[in-house]
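By letter and in written order, the chains are A, B, C and D; residue numbering begins at 1 in each of them.
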Amino acid sequence: MKVVLQNVTKVFPSRNKKSKETVLAVDDFTFTVPDGKLVGLLGPSGCGKSTTLYMISGLQKVSGGKIFFDDDDVTDLAAEKRGVGLVFQNYALYPHLTVRQNILFPLQNLKGADKLTKDEMLDRAVKAARLVQIDELMDRKPSELSGGQQQRVAIARALVKMPRVLLLDEPLSNLDARLRLQTREEIRRIQRETGITTVFVTHDQEEAMSISDLIVVMKKGVIQQIGKPQDVYDDPVNLFVAKFLGTPPINVFDGKVENGRLFIGEDAVLDVPGVENREVFVGVRPEGFVYDPAGALSCSLTGIEVMGRDISIVSEKDGKVVRSIVNSDVTVDPSAKDVRYSLKPNKVFIFNKATEERICF
Amino acid sequence: MVDNKQQWKAWLYLSPAIILLLVFTVWPIINTVRMAFLDGYKGLEAAGGATFNFGVQNFVKVVSYNRFLSCLGNTALLCVLTVPISTLLALLIAVCLNSIKALQKPLQTIFFLPYVTNTIAIGMVFAAMFNIVGSFIGTENELISNAGIINNIITFFGGSNVNWINAGSSYTANIVVMVVYIVWNALPFKILILLGGLQSVNKQYYEAAKVDGTSRSRTFWRITVPLLSPMIAYVVITGFIGGFKEYSSIVGIFGSTMGPPNLDRRLNTMVGFIYDSLSSNNQGRASAAALILFGIILVVTLLNLYVSKKRVHY
Amino acid sequence: MKKLLVFILLAATALSLFACGKAKAAPNFTVPEGGYDGSEVTVKFYHTMGSNLSDVLDIYIEEFNKLYPNIHIAYEKIGGYDDVRNQISTELSYRTEPNMAYCYPDHVALYNLTGAVATLDNIIDSTIEVTRADGTKEILGLTEEQKNDFIKGYYEEGMQFGDGLMYTMPFSKSTEVLYYDKTFFEANGLTPPTSWDEMEALCGRIKEIDRDSIPLGYDSEANWFITMCEQYKSPYTSATGEHYLFNNDVNKAFVKRFREWYGKGWVTTQKLYGSYTSGLFTSTNGTRCYMCIGSSAGATHQRPAAGDDGSYPFEVGITSIPQVDQSNKKIISQGPSICIFKKENPQEVIASWLFLKYLITSVEFQAEFSMASGYVPVIKSVSENPTYADFISKADGGKYISALSAKVCLEQADYYYTSPAFNGSSTARDQVGALISKCLAETDVADGDAFINKAFTDAIDECEYQGG
Amino acid sequence: MSENIKVMKQKDISKVTRHAKAGGIAAKVLTYVFLVIMALIVLFPFYWMINSSLKTVDEYRMSTPTFWPQHVMWSNYSEAFRVANLGRLFLNTVIVGVISTVLSLVITVLSAFAFARLQFKGKNVLFAGLLATMMIPGELFTITNYGTVNDLGWMNTYTVLIVPFLVSVFYIYLLRQNFLQIPNELYLAAKVDGTSDIKYLWKVMIPLSLPTIISITILKMMGAWNSYIWPQLVATDDLHKLITNGLRGTAFLDEAGETNYPAQMAAVALVSLPLFLVFVFLRKYIIRGVSRSGIKG
């Protein structure tokens, strides 16, 4: 089932009663979540991603625009009627019910034609529990489980009624680092297995890129870019998207283009045919640097960090820190004062100084 | 970690409370027990130098009083009726109050009003509402000049006059009036506690329930009530403790006859019995009755604690 | 030391209780020689007076202080009569009771469990001279002439505690009178009843004339029962020996008779009606009473509201209550007396006595207090007092109704009775009141007599339980 | 689990939406109707009290009560003020109320702190004993306490009205629950930095549980307003009488022994007014205080 959002906007009255002006949380959000896909809503906190998620779930009213589940207009439909599974950031498991009772809870609400017998409910619950691998914890109370286990119970509870779409609000933010990796793989596996259309919200770009089929990068309620993680990473539409994706983050320099050649400071680092002369921002991915004594770009060396699989060279150019990642079999003379690089064209992006829009070449 | 320094400090902080308790609570309890076991102890005679011998005659006298069971019955019946009704009503009101935005403040203030006023006066107002000004009610030469506000409302809706608290009124009618008055008085405190409890419940449980399509009544019984159960248990326990000491509300409505004019003391309660003994200078008997009442309250409270241990989610 | 003193006194009274049948026991207070030594004394006085009455009291305290400057009167309004009783009975256990207080006979009986109330016999008979600030002299006790000036019934009230000793002095009294709608009576050629048979016939007649009326409203159920016992000379209670005697056939008979009246809708009482029956007597529309037996002090409340022109819808007549036997007329006497508490310092007792004597023997005070309170003076000579005589002469059924009530009270002065007082007599009074309302109101009962019998035995059990 | 059964049968979405919306509105209407009816039931006695307080004695005693006084008797209020001399009683009650609230607050805070934070032998036994005292009918305390107070010679003083009730077990319980919610680490951290108990109590615990303390203060003040039996016994002279003594029917007794009910009602209304105003303004704190304490039974 695909989820279609057409020009969805959300306006909140401002915090203090007296002032009239309102806060535009989500502005003209148009996007279609393809059927069976896992989509990540990505962006800094306060960019309206959670609000969008809650509008899809029906818990938040839409100020403008429409939401369709396949071709049903559910914009004004109440949350419980939409057949949505929602997993909250801090799980919201009923503290007084055991894991089994928590999972069974949604099934007990089904009425009319969807009503299930006791055994059917129990069977569905056990299946959901097995899916998220917590079937041996059924009789525990939420307070007796670890964060990761509670997360999985929450997912089981969301899935047990076989919703049309699964929504997760920052599912991993309350977990410790090691558990986060393991749980995001779990989510990916569960989504694959059930094939359920899923949207999840996160501010951690690594998490979004690692498991999403599609990512939507947002800023202050406005969609910046939609696409496959790798495409968005490799082809950012503006400086914000470029800076937001990738760890370690992209290096940004002030540069200028003069008759087809790109200059960073004094160094002419790249031929950029067809771009008229102007001041630009230059973004270079850390992996876009090639350690080349004869390279066009020269920086002063600060230090070297060995990370096993590759080496990170920390240098400095016109007062800005430059972090590059090169292959570990390159030997760098740590005592040297300067270091020179040549740049891989596909890892260099030029942005309009004023609009920060990407300039292709 | 229970080093001596902390022990000493703890007792120091508790000292003002303990001293006052010893003088104004513990000593009266000891004195009560003393009086209870002095047969036929009467305050004025004792002041005059009379001595009384040790024994359990007081207790025997209390239990053998022909109206003892009716006092106990009235107390228990009022408790068993008013505590659940007021708790459930307070819970419903608190939940409704918590769910609305407009008018929430004024309504909260109104519901707290009974806590603010003087029980004596309100008793008189209630009595005026239920009292029928007239004679021979229920007989063929019945003459009613005013059937009272409640009856006027009932007849307005097509019902017929009910003899609530006047001569010849039925026991059930009397009990209904008392329940209405006691519940009316008990609501504000219970609403306050439960509303406080509601506001400390995490909102996301309700959002989760909403998404799962839980009906309103199911949300109330399966989520709100269990999550509020510590508060509810507390309100029920204190409700019973207060309920067993019911007295001033009956005086408020029926005056010192503690019952309809023609049936003196029909609604007398245990504390009513204690007051009767005190005013007839039988302090020994009053103390014995008080200890019996304390015993009953203790048993009921322990029972409540046991039940709540099992049913309440902490 | 204190405990020992109290013990001796108690032993003395206990002894005296056993010693006598009717013979006078030894009083428990002896006048110190020299009587009042003029020392500074503060007299604490508990009462239930409303503010307009205590204003009258203030005037006469000033007068009294002109004679006895060193006696300071500190009075406190505690509340109603029961509040005074409860307050004093608590204070007695710790000897913090006042010097003198408003009281009813059964209150004194309760206080006497600690032997705290001073017997006044010795003081009354004492002829020791006391010189007052203005040089005039008076004997400490009462002169023969002063003693005879008291209305006999009221004076004897102080002596019915079973030992013949004088415990209280009458302060201001009221009684029960029959108020009737004179205009209605004359219009229908009816005369106020003098006997209960006449009352029965009259009620029937009135009911025929006005179907919606309740011919008679009798406010106090307890007074009704006790008065009937006195009128039939049937036992009610006794201060000594067996206390509660009212369970007998004569009493059951009249209760049965009144129950029939109630069944016919002829009579109601304050409790059964739900408020003072004077409300029925004074109402001029809807249900009303044409006769009302109530307190003589409440005369102003028995008068219908005046029209705009100051005239009254009907004239109120007042007469004595009906009697069983005209040769043995009995009418209840109510209203507060005053008792004085024995204190370690005998001068406090003497000072309190001087103040009390001043109040109850001063014709001006008794007159002014009676007119202000609607109560009746306790001494006969008040009727000669010019202002009071003028007040009485103006007596009529409207504007000066309280004067009319006072006039009737004076005329029936010789027939007052008071019931014996003992610890538990107030319980008896409450129980017989409850008995009347219970027996009258219980309608849907198969066997009336059995019901009445059981009601009587329950009342006796309750009295014995509370008293015992 | 792989097949994705469509939960929403192909019902007509708009019908379901309309139905749900109607259900929502119906629920809202039902809630408001229920609340308004209950509010009227709670308010009616007050309306009747005010209504009665403005009537003349005769109108009050009329057999068919009027729902609005025929001619409004504001004088009842001035008379009530004069007869029961509410001014003086009011002052006494405020003095007693304030002093007892302040002192009892100190005791409550110290005791709650000891119960919540400090470990000492017999703590739970003591606390259980404390709670047990709530179960004893107060009437019996009265007679014995009267003796104690009398022996101490406190009769007719403010002390007798204040001291016996300084320890209120319920408020200690309420505050202890609140203190227990403050994590113990804070106390240990403070201990490590050498802060004394008092400073920790003052600097950390009190600010954190301020809402509960405020609501205790307000509820305690109200308690002083409604106390009745004890003041009646021990403070009989006008200098120390409290409000509730002034309200009793006997204060409005006229000579024939009939109470001037309208004046009494007026007095009660006058007495309830300050408490009502206190609540109206501090309502938020009272509720927050109680909820913050999170009574966990």
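Everything below uses one rule, namely that contacts are C-beta pairs under 8 Å (C-beta built on N, C-alpha and C of every residue); 3 or more make two chains touch, one makes a residue touch a chain.
These numbers come from a predicted model, not from an experiment.
Asker: Going by CA means, which chain is nearest the middle of everything shown?
Answerer: Chain nearest the centroid of all protein C-alpha atoms: D.
Asker: Measuring between Cα centroids, what's the chain most distant from chain D?
Answerer: The most distant chain relative to chain D turns out to be A.
Asker: Between chain A and chain B, what is the separation of their C-alpha centroids in Å?
Answerer: Between these chains, centre-to-centre, one finds 59 Å.
Asker: Could you give the separation in Å between the centres of chain A and chain D, each centre being the mean of its C-alpha atoms?
Answerer: 53
Asker: So what's the Cα centroid distance for chain B and chain D, whole Å?
Answerer: 16
Asker: Just how far, in Å, is the C-alpha centre of chain C from the one of chain B?
Answerer: The separation of the two C-alpha centroids amounts to 39 Å.
Asker: For chain D, give me the residues that contact two or more of the other chains.
Answerer: 63, 143, 147, 248
Asker: Could you list the positions in chain B whose residues touch two or more of the other chains?
Answerer: 43, 133-134, 145
Asker: For chain C, what residues touch not just one other chain but two or more?
Answerer: 93-94, 275, 279, 283, 286-287
Asker: Which of the chains touch, listed as pairs?
Answerer: Once each pair is checked, the touching ones are A-B, A-D, B-C, B-D, C-D.
Asker: For a test of understanding, state which residues of chain D touch chain C in their complex under the given definition.
Answerer: Contacts found on chain D: 58, 61, 63, 83, 143, 146-147, 150-151, 155, 232-233, 236-237, 248-251, 253-258.
Asker: Flag every residue of chain A that touches chain D in the complex, lowest number first.
Answerer: Listed in rising order, the residues are 1, 69, 72-74, 76-78, 81-83, 113-114, 127-128, 131, 159, 161-164, 193-196.
Asker: Going by the contact rule set out above, which residues of chain A touch chain B in the complex?
Answerer: Interface residues on the chain A side: 57-59, 78-81, 84-86, 88, 90, 92, 94-96, 105-106, 108-110, 157, 161.
Asker: In the complex formed with chain B, which residues of chain D make contact?
Answerer: 27-28, 31-32, 34-35, 38-39, 41-46, 48-49, 52, 63-65, 106-107, 110-111, 113-114, 118-121, 123, 126, 130, 132-141, 143-145, 147-148, 163-167, 172, 197, 222, 226, 228, 244, 247-248, 261, 264-265, 268, 271-272, 275-276, 279-280, 283, 286-297
Asker: Considering the complex alone, what residue numbers of chain B touch chain C?
Answerer: It is residues 42-50, 65-67, 131-136, 138-139, 141, 143-145, 166-168, 257, 261-264, 276, 279-282 of chain B that touch chain C.
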